[in-house]
Structure formats: structure tokens, C-alpha cells
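Take a look at the structures below.
Two complexes follow with chain A in common, the first pairing it with chain B and the second with chain C.
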Partner chain A sequence: MTGKPITGTGDNNTPYETDDAFLDRSALARQVVKDTINKVLLGAVLILVLALPAVITSPTWLHIIVLIFFYAYLTTSWNMVGGFAGVLPLGHAVFLGIGAYTSTVLSLQYGISPWLGMFVGGILAVAAGMVIGLPTLKMRGAYFALATIAFAEGVRVMVENIEYLGPFKLNGPRGLQIPPLNIGWGDFMFSSKVPYYYIILVMLLIILFLTWAVSRSKLGYYLTAGGEEPEAAQALGVNVSRAKVIAMALSCFFTALAGTFYAQFSLFIHPKSTISLDISFEIAFIALIGGRGSIAGPVLGALLLRPVSDLSRIYFGDILPGMHLVIYGVVLILVMIYQPRGLQEPLTRIYDRVVNRMAAGFIKGGDK
Partner chain B sequence: MNLLELKDVTKQFGGLTAVDRLSLSMGKGEILGVIGPNGAGKSTAFNCIAGVFPPTKGEVVFDGQVINGQKPWDLCKKGIARTFQIVKPFASKSVLYNVTVGAFATTSGRAEAEAKAIEVLKLLNFDDKKDTKSSDLTIADRKRLEIARALATEPRLLLLDEVMAGLRPAEVDEMVEIIRFLREQGITILVIEHIMRAIMALSDRIVVIHFGKKIAEGTPEKVASDENVIKAYLGDEYGVS
Partner chain C sequence: MIYLIEDTINGILMGSIYGLTALGLTIIFGVLKVVNFAHGTLLMVSMYAAYWTVSLSGLHPYLALVIVVPVMYVFGYYLQDIVIKPIFKAEKDVREPSTVIIVTTGVWYVLDNLTLMVFGPQYRSLPDNPLQGKMIELGEMFISVPKLWGAITAVATAYAVYYFFQKTRTGRAIRACSLDRDAASLSGINQYKIYNMAFGLGTAVTGIAAVTLVPFYNTFPSVGVLFDIKGFIIVVLGGLGSIPGAIIGGIIVGIIESVGPQFMTATWTEAIVYGLFLLVLFVKPSGLFGVKYDW
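Right, the complex of A and B next:
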């Protein structure tokens, strides 16, 4: 027995080095061109979204777009635990509510800027997330989903029925009104929709970047491994529960930040508008239809589904409230049958094909 | 000093004693084969070592340290790696991704982990498939992936649970060669296997388990001619001849 690496399947041991090298070089060139195309397209999209408020001046349309970004942000936050960790949280609205109520109470009663309250809310949401997550994240299947629903609903009923939580005024089902007295950046309050648009855009870009970074990190690998085959992951040194708890903490924190944004954007919060199951389900629907566990999925899902939700509210709001959830349900069934990994998969495939063709075109053009 | 020692390990599930006062020891660099009829308690003993569940009684000693009841991920960091009888690849991911998960046991940087994973894949002559989705692999390659992943964690003790089950004879020979090669790298290896030809060729020593108890131990030749072993496998009437 020699010390050299053992042979593989034994059917192809003679390497055609020259051919390989040639193939490698042309593949490399194509990759470089593809990367450039990707970067250019990404830059174009960035410029487009940055310039959008200059083109779209209607407050109604801006409002709809802000809500699309808002849901894309929420779903991307959800995706950290719901997508990568392979569990299904169905009560994320409770963290949204914690964020909204914390910053609002702090600014109404104590005059603390919502920007600061935002982070206090984030930390409280992490604490709440740990209360549900620590005992339930070890369980498989539906238990975690059920525990999150129960917790969120419990909190909503509590908030609806209490006027004061200790010294903090929650005002029960009537909710909290934020009087638009101090307008400006320091108070996170604006008369125009444009600043809100840029704030949520920056928040969305940050969370997308963070998701991208996590998916390429040890934590991301561990979450994916633990989500797909927990036993195998554990044998490879992955403390699956700990990875899930960390993901849950991140997810809760960022979801709560969106709560503050929502409160400042609508200037009126009540239990039904922040802690309701509708919102929890809508987030999960967007993620499942868009493609959970991917970076593009939540954004695509929000882009495609939010207009459905808004239009159904405009046209069926009086006669059939909640119609959008019914439509989501039908879409979800169809997507799960034909594209179980979400709409991002076929769309990514089409995008790749287009980029490939463009790259081939460029390389050919260069050769001539 | 022995790398692994089992002292009177017993594992009971309710009223059933799956492993009954099993003792065995493994020296550094040894290949120990564990055989026994179906349901003999091989896998249970294996799981007690790998930390899937703690033994009811007795001690598992690894490198001079009692490791009873320690969690699999901690044992992995101490240098015990395992494969699964029913392969468990991270199916939606590439071969490289799978092995990189293992490599993260010794490093936190992705570039470093990936480089390590590629090194392991090259060692197993498997790097040509590094971008293949692991659900697209053949059964032989999936078994090889199990080993590659385990190897990436830099184990001192490798526990192999039926890595040859379901392979064609030519693939079995290849796997035997891989396991011998790993031993040359200084890894101590415990093999559970049903394919006698492979385990006889491979093992320095063999332990035979029947109804949770050790019924024979020794070199492959000695075990193969042991009366109790023949009885256990073929039944009583073939025992005396």
C-alpha cells in the first residue's frame, strides 16, 4: 500500500490536461463577463429604486411601494429563522408589535426619540423570542409553529384587554395615536412619504446584505445543515439548537425594527394592526411563495403578492375583508404543487439563461 | 494507551437490554470490526459511543476521558466522527457544501473551511464531483460523501456504520482501499459491517456481538472458526461438526 491518494471510480484516470486548461480558461472568461453583467444589472436596479420617488410623485403609489419594501424587509427578517433554519414561525407579528409599542410608548410618555426606542424594542423582541424559542426550537415539525401562533395570539389578547402595563399606557383595543407635532429626522416623523421610502429602502438593503453575509458564514452553513438533516449536522459538530436560537434572535431583533418603522409611518397602532395573525400569515405566505431560504425569494414574493393584497383590499375590502389571504392560499397551493421551492427558482433559472446568453453575445462580439 | 475503551457498557430501552455489559478497547491506529446478526446491538453500541444517547450503565472512555452522555457535536470537536448507515446528505446542496459543513468544525472562516474541504475531496479522489448536487449522487458516491464529510472534521476516531451496504463488489473493494488509506493517515477506525469478505480483509481484530453480548473477539481467522460465532450466524444445529 502506498501513500498516494486512492483512485476514484477507476473509469477515467487519464486527465486530458490541455483540454481541461482550455476549458477552464474560457469558462473563467465567461464567468468574469457574467459577474460584470450581474454587477451592472444590480447597479441599474439600485439607481432605479433610488430615483423612483423623483418619477412617482403620487402619495398613494408611494404608499403601496413603501408597503412592498416593508413586507420584503419583514419577510427577509423572517427568512433568517423561517428559511435557513428550516422551522416555520407563524407568529412573527408579535415581534413587530413589540417594536411598534416599545418605541411608541417611549416617545409618547418619555419623549425618547423613536430611533432609540427602535433598538430598545429590538432587544425586548429578542428576549420575547428567547422565551418561545429556547424551549421549542429543539422540537421538530409543527410544535414550533404552534407555539409561535399561541404566543402571538396570547400577547394580542392581552394587549387588547389592558389599559396599562405597569406604568406604560397601552390603551387596550383603541391603540395609540402618535400626534404629528414634531416633524423631522430626529423624531422619525415626516409629512411626505419620500423620507419613509428611503428609510425602508435602506433598512431593506441592510437586511438583504446581512442575509447574504449570514448565508455565506459558518452560521449559515450550520443553519442549512441543521435544517436539512439535524442528526448528520450534529455528528459534524453542529450544535443545531444553538444555531437556531441565534438565528431566531437575529430575526426577532430585525422584525422589531420594522415595528417602529410601521408605527412612525402610520402614526397609529392598535393590536389588530400590529400583532394580528393576518400579518404573521402574510409574511409566511410571501416567504413560501417567493421561496424560503433564498435571498431573492422574500423580495420577489413581496413584489408579486403585495399588489394582490392592496388591490383586493381596494376592491373587496367592504364585502370580503381578508380576501387577499384566500387568494394567497390558492396561489400557495399552486406554487407548492408546481414549484415547491418557490417562485425564485424558475425566475432565477430564467435570469441565469438571459445572463448566459448576454455573456455569450459579449464574448462572441469581442472575438470578431 | 487505548484510544477508546468501553467498560461494561449496558443500554436498556425500557425492559429491553440492547447492549449487555459490553467491554472492548481499541489501540491507536487500529481497525476494529464489529459484527453480529441483525438486531444484535451493534448500532446501539455505536450510538452510545457517538453520543446519540448515553449508556444506561458503564463507561465510554475516549483518550483517557469518560465521555458518557456528551453531545455528538462536542464529541466531534474532541475528535470522534461518524457516518450514518442510512446516508444523510444535505440534499439540496453541492458535495463541496456538504464537506465544508464538516470542515467548519475546526475553523470559522469560510475560505479556510472550503480549502480544507477541497483538500479532503482531493484525498478521496472525489473533487471532480465537488459541484454536483448531493441528491444527484449514486449510492456509492453518497457513502463516499459521508466519509469525506466526517474526515473534514479531522477525527482521530472514525466510526463507520455499514459504509459498504448496498455497494457493488467492485465498489466494496474500493471502499476497503479507502478505509485502509485512512488508517495510514493515522486515524483509528471502528467498522460495523455485514459484508464478511470486506470486514475479514480489513480488520486487525473483530468483536462479535450477539443479543447485546460479546461472544467472541480476536483476529479475523480466529473469529471465523469460533464455534459460538458459527452458531450465532447459522443456528445451533450447524454448531457441532
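Right, the complex of A and C next:
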């Protein structure tokens, strides 16, 4: 778009000018202004998050923000299968664990950079996801949820009992410690939290872009159709199971990448911190409260819930243990009863109204 | 060899109690077609109810049934009525509403952590109850008395529930609802009231399970989680919605857990149970006694 103001009063030079009597030109103009406002706001948010580490220097706060992005990323990955495909995976932490363990074992024992190990972990997670997904994805509702829980818990129990898996040292319940010896980009290890911040930010942006692309692709439409009306979609020739399997593979792969990030960020992994039911449930909670099956939902959910969890742990942890989980539960129940599509729905509506009003204001301003 | 038999017997006894804890889950699934993720939490609440009843009154643990069962029925009835029903109404047309799973998970988190905040993380046991640590000697074998009582209660409860569903008017109404909601409504059955009653019944049965557990099991805020996942495994093994399936699934898990440690590290048995569960899910998702239509 050129920078020239577009008015609803008929300027013959506007590229949208047509002879079509049905075309409401004022609505079109408003749409263009709205698009511009959206883009400007998006740009502003981007600049804000890029500049954030310059403003927030406290490591505690940066840590909290990194975890918000980390969970937003995890939930967005979950959303590919849990949101768009309409099934309910409740064991995603197992893929996080596979990612974390793979890259850590490879770097500790063979000196392979975690950046490479990350993708090996991703591929292994896809393999594991297929083991559980292929037989169960076609099943209905609860069975898939139960199977994913059992799979994740089974793997956790196994990792807790295995000291050596073939040549690979897993160290059972004690977990693996990553000694901070080689600091630098090649080894995915930093003494400050700022590089981690930018890494997870870029990862989040990539997965958001990818989700956006998927939601607009044929796969996305297949998934939505299959998630809402599997029989109808199948009758129309949509291979629902195949679409779900692809979504599951994507979701597992990207969840595993987050596992490597987690391992390098905390430098210590053990079965209960990675393959834990709590993480699996937290991901699902964030998605459902934010709004499953939408792009903004997971980010919104993480943004709203993670601070509750971290701050209540910091301030109420001693007096009221489990406080944040009570809040999670209550919010979850209320959202499910009153806003079953998640909090993104009312918030999107409010945002749209504000942008509409702004657009109307701009157009009026242009008229004068 | 004698140990193997002893372990098998104790496994069957403990397994029947596992089955009893899962019975409520299967009742609720059978009627509402909802896997109640808050089931372990309801067991935990029941255990606290039983624990406080017994420790404050000093009665025989099984007398707590008189208080725990009605209390839990009312608790379940209103939990369904207030929290779960609104979602059910919104998702009327879905056969297995997945949102309900989420809401029950919310209930789980809220109740577990409220209990943690109110009663603290302590493990509570009933140290001087008449069943504590009692053993029957059978030749060289030792059979735990509280587990024996629990197993008898489990089988009796399963029979009673089965009889209730088959022979009474209300039981038939509940079964009608579970077969076809709409047809049942058309025949003049108030389906939401039936759901409340089924949920209350499932919770009351869980209360019975809790009473059999407190004489020998610790009560603590996250005790439900142990039985939650075990319960899912048991009901899928036996067939979701099947009453005998729950008890037999429970016995299978009980035997694996109690005989397994003879051959391997005890913690590995847990992995075997998960493996068996996944195997059943892949090969015969309807379980041993389940109806094929339900998956």
C-alpha cells in the first residue's frame, strides 16, 4: 500500500476503485486501514520483545519471561495436534524428555553440539510419536488421552530405572548434569540469560509462523474438518488419519527441540523434571485456557498463566503450597464453562472492536 | 514356590481393592461416556473423610461407611450438577465430550491442592485400628487381614452395583440413559438427573473403596494420583464401562504388582503395567469385557 490516505468518498486514484456497484468502498478502505493498524501493532510488539532484555536486566524476571516464551512455544507445538486435530494429547512431556536426553547424551558422551543433537532428538521424538500415534490417533476422545498419559508415564518409569541404555548413560533417577565448561554459541551454553531469551524468542516466532502457515494450508483445513466432523470429512474424501499423523509428527518434532533448549537452559535434567505429568498437563491447560486451535491462544495462555505460577511460587510457595495449581484449576473450570473456545475469543473480539474504532477514527480524520 | 502363591493371593486381594477404586470410574464412564480425571481426587477426598471419621470417633474403620458413603454420594451428585452439567449441556451432541475431561482435570487440581493447603503434606495413617497389621497364617503363608476384608467388600460392592443396574427401576433408567441419551429422554427419563445420580453413585462406590483403604494405607493429598492412573489402566484393561471388567482388571494389575518383584526390581513392574495397558489399547481397545461400540 502506498502511504496516501484512502478515503471512503471515492478517489479515482485508489487502486481499489472498480465499477462494481456491490463493492462497498468505505468498508474496503476501512479494511485497508485496519490491516495497516494490525501490521503497525505487530511491528511494535516485535520491536518491544526484541528490545526487552535491554530494559529488563534482572535475571529473575528474564528467567520468568524466558519460561513464558518456552511454554508458549511448547503449547504452540502441542496445539498442532491438540488444537487443530481435535484430539487431546496429555503426555507431551515425553517428547520434551526425548529431546532433552538425546542432545544431552550426545553432547556429554560424544561431544556433539547440542544444535545437532536437537534435530536428532526431534527425529527420535517423531519416531516415538508414531509408535503411540499410529495405533491410537484414529481412536476417539478419551482413549487417545489415556494412551498418551500411559506412554509418557511408562517412558518416565523406564528412564528412572535405566542407568545405561546400551552405550548411552541415562543415569536413572539422578539425571544428567551438564558441566558449564564450554561457553559459547557452538555449545549452546551461555553465562547470561540474554542469549537464551533470543533463542527461545526466535524459536517461538518460527513455530508461530509455521502454525499460521499450517492453518492456511490444505493440511490445516483437513485437520479442522477432521477434528470437528470426522465422519463428514471422511465422506468427502479427506484422509483424516493421515492428516492427524502428520500433525502429530510435526508436534513431536518441535516439542523435542524445546527439550534441548530446556536442557541447555537449566543444565540439569532428570526424569521427573522433563517427562513429568505436571508439564504435560500444564501445556494442555495453557492451550485450553488460551484457546486451543487458535494461533494466539497458546501465547495468550502462557502470558496469563505462567506469571501466576512463577509469582505465586515465589511469594506464596512457603505458606500456601500448590496455590498456583488451585488458581489454574479454578480458571480452567470457569473458562471451560463460560468461554469454551478459550480466552482468545473475547480478547480477539475486544481487540477487533478497538482496531475498528481506530480505523473509523483514521478515516474520519482523512475526510477532514 | 510358597512365596509365589502367597504373593499371588495378596496380589489378588490388593487387586480387588484396586478394582473397587476403579469401579466408580467405570460406572461414571458407562453412563456419562466421560473419563473422570478427578476420580483419584474423589478417592482422596473420601479417604480424608474416612480418616477423620475413624480417628475422631475411634470406631471400627468399616463403620465409617455409614458416614462416608452418603457424604460422598451427595458430594458427587452436586459436583456433577454444578460443575460438569453446564458443559454437558453445551456439548449435548458429542458422544464423548472432551471438554468434560478437561474440567474434571481442573477439579482434580483444585481439590488436590486445596487439600494440600488445608491439611498439609503429612502422611496420615490410623495407627491403632483393629485391622492394622493383622495377618492370617495359612501354613507358611501370611495373608493380610485388612486386604482380605477389602477384597470381600470389593466383590460384594460389585455384585450390589450390578444387581442395582439390572433389577431396580432406577438402575434400568440409568442403563437406558447410557445406551441412548435421546431415546431415554423421550421416554420420560430426566437425563441430567440420571447423570447426577450416576456420578453420585460412582463417587459413593469410591467412598467404599476409601474405607477399605484407610486401615492400611496412608492418606495424603496426592494419594489420588497413584490410583487415578492405575484406575485408567484397570478400566481400559477390563473394558471401559464394564463392572466385572473393573474388578478383573484390578486383579490383573494387583497380581503383576505383587508377583513381579519376585523376578525383577519392584519399580520395573510399573513399567510392565503401562506396557500391558498400551498393548491392550493397541490390540483390543474395548478391553476384556467392554462393548465394541464404546471406542
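Operating definition for what follows: the second predicted complex is superposed on the first by the 337 of 368 C-alpha atoms of A that agree within 3 Å, B and C clash if a C-alpha of one lies under 4 Å from a C-alpha of the other, contacts with A are read in each partner's own complex, and residues count from 1 in each chain.
As a convention for this text, a contact is a pair of C-beta atoms (placed from the backbone, for glycine too) under 8 Å apart; a residue touches a chain by one contact, two chains touch by 3 or more.
Just so it is clear, the structure is predicted and the values come from calculations on it, not from any experiment.
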item	value
First, second, both or neither for A:Pro321, with chain B first and chain C second	second
Touched partner set for A:Gly184, first chain B, second chain C, both or neither	neither
Which superposed partner A:Ile149 touches (first chain B, second chain C, both, neither)	second
Of chain B and chain C, the chain that contacts the larger number of chain A residues	C
Partner chain in contact with A:Pro340 - chain B first, chain C second, else both or neither	second
Touched partner set for A:Val157, first chain B, second chain C, both or neither	second
Partner chain(s) touched by A:Gly361 [first = chain B, second = chain C, both, neither]	neither
A:Leu288 touches, of chain B and chain C: first, second, both or neither?	second
Touching partner for A:Leu88 - first (chain B), second (chain C), both, neither	second
Where chain A meets both chain C and chain B, residue numbers	none
For the chain C and chain A complex, residues of the former touching the latter	29, 34-35, 83, 86-87, 90, 95-99, 101-103, 105-110, 112-114, 116-117, 121, 221, 225, 229, 232-233, 236, 240, 265, 267-268, 270-271, 274-275, 277-278, 281-282, 285, 295
Complex contact set, residues of chain A against chain C	86, 88, 132, 135-136, 139-143, 145-147, 149-151, 153-154, 157-158, 160-161, 277, 281, 284-285, 288, 320-323, 325-326, 328-330, 332-333, 336-337, 340
Residues of chain A touching chain B in the complex	1, 3, 5-10, 216-218, 221-222, 224-225, 228-229, 231-240
Sites on chain B touched by chain A in the complex	50, 52, 71-73, 76-77, 81-82, 84, 88-93, 97, 100-102, 104-105, 108, 110, 113, 122-126, 128, 140, 149-150, 152-153, 170, 174, 177-178, 180-181, 184
